[in-house]
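The structure appears right after this line, and notes come after that.
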């Protein structure tokens, strides 16, 4: 864990209100793993007060990439950063995806901005495994496929790709993967993760999901980010420390 | 009184931490008078919460000029505005200097940033009267003579011009003005205004001073800016509405 | 005509919409009328009036704080007599319900002020300020004493037929107890909240920045506290609540109504943007249209807990 | 060796400097030790401990507000037993005074916890939390009841020879009354303030953002209120005060000391910048050098009013 002020390299508007921010930060770029996150102070002032958590979207050499949409005031301020502006980063934080292990096909399932951690996951898996990616959104505007491989898309309104949810899309294509040793990587809204979990349990698939929770600190001191544990109902996991990536069997979604 | 968002034309660092901000605002530039002020929202966010009052320093065609030093967070943010950034202005506010009247020599006495309203006063008096300007500061760094005519300077440490206060300088030069019909225009720290007042009363000089007070609204609705009245001790004047410029005899400094 | 019914009732007081301007943040209406059309507002509440004119506290009266401000005006006001003679004529030109806020140091003075003012037909209701933190006598002591608040309510009600709203202090443990005392003594509504007691020091001079030492904290900083107080009253006492404390935009208005407010007051925002009341009203109407809210009063206490 | 004497006394408790880390904002010290050298701090106060482990409230537990945050953690903690077994060993590695914060729903539970913990010599003092707004039983009710606070103080003092600090609730009209009750019952110091009760609603779902409905407001938004409470105690009761509420930098520390604090606690700032405690300490020392303050404790209650 480091706290470091690093200069913006580039701010790119990928799509309407969706941004990619590249920050030159070799210290963190060198050690961060897919699924881990950063807690970012978007302003030096007291407004907004708290840091904002963002998954590492990709690492390009010394550069950290974040992908985000303008949600509230904090992300709006972040979208206005220019080359050279210093960003106050706390990271790397949390536990990321485990990309090692006994599988030959990585299936990535992302909903909306839940796609954010997957470019880096894709890069780090590289060519060691097959990768299939399913990305869904409400409309074509919410489908972001930046930095991903073998992508199929789904939209609720059918405006791009399959008409339906991304989990339904995955189900409809599931037979293609019969016989391969799969591992599923999921990230997106809770409802999506819940239906992904159901499907993975029904089909006995290994699955890791990245979860979200409102956070104050991001590194375990505030107890602000509980998530129910399946095995230990008497206590919560902390999303920021024990997660944000969990084996889908370990948490109640 | 208008509320208007107007674009920055230029930000100039006049001296270390002293800035001149030019804002294109024909609506207010066309009507504002010397000594009147503007109440400026330096950020769209809630930080800082209140507007910041600034005298109009000069008017150049459609441009309003402000002169300020970096004092706290608000002025720091203002100093970082770039061409095209919109500034939320409330103005013109208050009662300014009365430049008409039966005098032939205008003597301007300013301390530190108290010089701010005088370039515009100088411009508006033009060549109709003689103008002599005395500007003082702690050291040469605090002496700002931008936009002024016939300037003599004083510094407490003697690092520029006369060694002593600006009022002492004025006193030492007072004999030069014997026989002329003078009007004094003062602006600066309270201690300076107090000694200016004493001198003007002792010598029966007409004098107007621009005063300062912490303000919330700037236009008379909060009652936040009282100044003691000499004639009516049972009630206060409001600096923002009844001032900021007062005849020196009317207020307790 | 608007498709949305923006009108609200505060007990017997009918207002065309829930937007009131808070006492002490609009003077007597003159200055703000340049920016917001008073004829459109739900109502305007005067600066606290006292029997005799008050000079108020010496400067410094205002301190900015993080997302808030402290004030210690000290109830500077022209007094009821000058108000009736010099300020009412301006307000009469507008078709806006006028609520007179009254401050006093004794119960008798509250009664006396009300008696004088109730004769003026332009005045539609009274807001009794038992909660100003900026005067030594009266003010706070009353506001933090349940039985005093009950007594003031009853005595003021006895001398006026017009609606009486009691403006409660937030500087108490259980504000619902105070709202209950108001109700039991015949009060028509409560306003919640007035400012919270706060202070600030100059670390170099070691003196309080505010001449009066303490001031009242207002602005967005206090919004979560104000919402909790409104909710507490709404869940415990059956009395209309006028919410206030840090409202900056239409979303805050909706939030205060959901939490239990029948109407709301705009205070500190007027200093920052005196055109805000008009804008907020428009945006509130747009919100109602967009979300199919045909009667805005349906929002009041619509929390799902 | 430093030229400035940064040491302070909180009654019988001697600290090498006035910077404490506030309960609930540093867990049990592990994580923050990566950013701030615990060996340099005045002390560290644990998350509130209860007799048995507590799971705490379901999410959402945190809401950001203007210049502040609401939390409703619900006193999630490992319980005294696990604390002694699993958390103390880490803290023992450091030379930092450890203050144990205790929360309970009954007076007996406070006493029981203190009895167990007082045996552990690493623990230098107790801070009794009578003011957590986030648990239904106990907590707030105690904190707003003068006689309960007095009783808890006396009973806890009876079972430990270590200094007992009572952490007061700000959700009261006259906090000095509570400080007086602490003093009269043998308490050694008070902490002021804990969080203020607040809430926030999602205006679309109309549900409270916080699962527990209310949360505790902390951060710079509450600083003026905290300062006024510290000052009130300092002017009325002769008992050491540990100040807290929105301290963000060394200037705030100085302001709290001037207003009457013998030491201070850093809370919310730790979430934003966990290296702040160390930095603030350095800046505080620089300030003392620059302004010729040879003993920092001279700042305490040095207000000029």
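For clarity, chains are labelled A, B, C and D in written order, and residue numbers in each chain start from 1.
Criterion: contacts are C-beta pairs under 8 Å (C-beta built on N, C-alpha and C of every residue); 3 or more make two chains touch, one makes a residue touch a chain.
Just so we're clear, the structure is a prediction, and the values are computed from it rather than from any experiment.
Path length between chain C and chain D in the touching-chain graph (shortest route): 1.
The set of chains in contact with chain A as well as chain B comprises C, D. If you compare B-C with A-C, the chain pair joined by more contacting C-beta pairs is B-C. At the far end from chain D, in terms of centres built from Cα atoms, lies B. The mean-CA centres of chain A and chain D are about 36 angstrom from one another, to the nearest whole unit.
Mean C-alpha positions place chain B and chain D at a centre distance of 47 Å. Contact of a single residue of chain B with at least two other chains is seen at positions 46-47. Across the assembly, chain D contributes 63, 66-68, 219-220 as residues in contact with two or more other chains. Chain contact topology: the protein chains form a complete graph, every chain touching every other one. Against chain C, in their complex, chain B makes its touches with residues 1, 3, 41, 46-51, 90, 213-228, 234-236, 241. By the touch criterion stated above, chain C contacts chain B in their complex at residues 24-27, 30-32, 34-35, 47, 53, 55-64, 66-69, 71, 73, 76, 219-220, 248, 268, 270-275. Chain C makes touch with chain D in their complex at residues 63, 65-68, 70, 144, 169, 171-174, 196-201, 203, 205-208, 213-215, 217, 219-225, 227-228, 231, 246, 251, 254-255, 258-259, 302-305. Chain C meets chain A in the complex at residues 66-67.
Chain B makes touch with chain D in their complex at residues 46-47.
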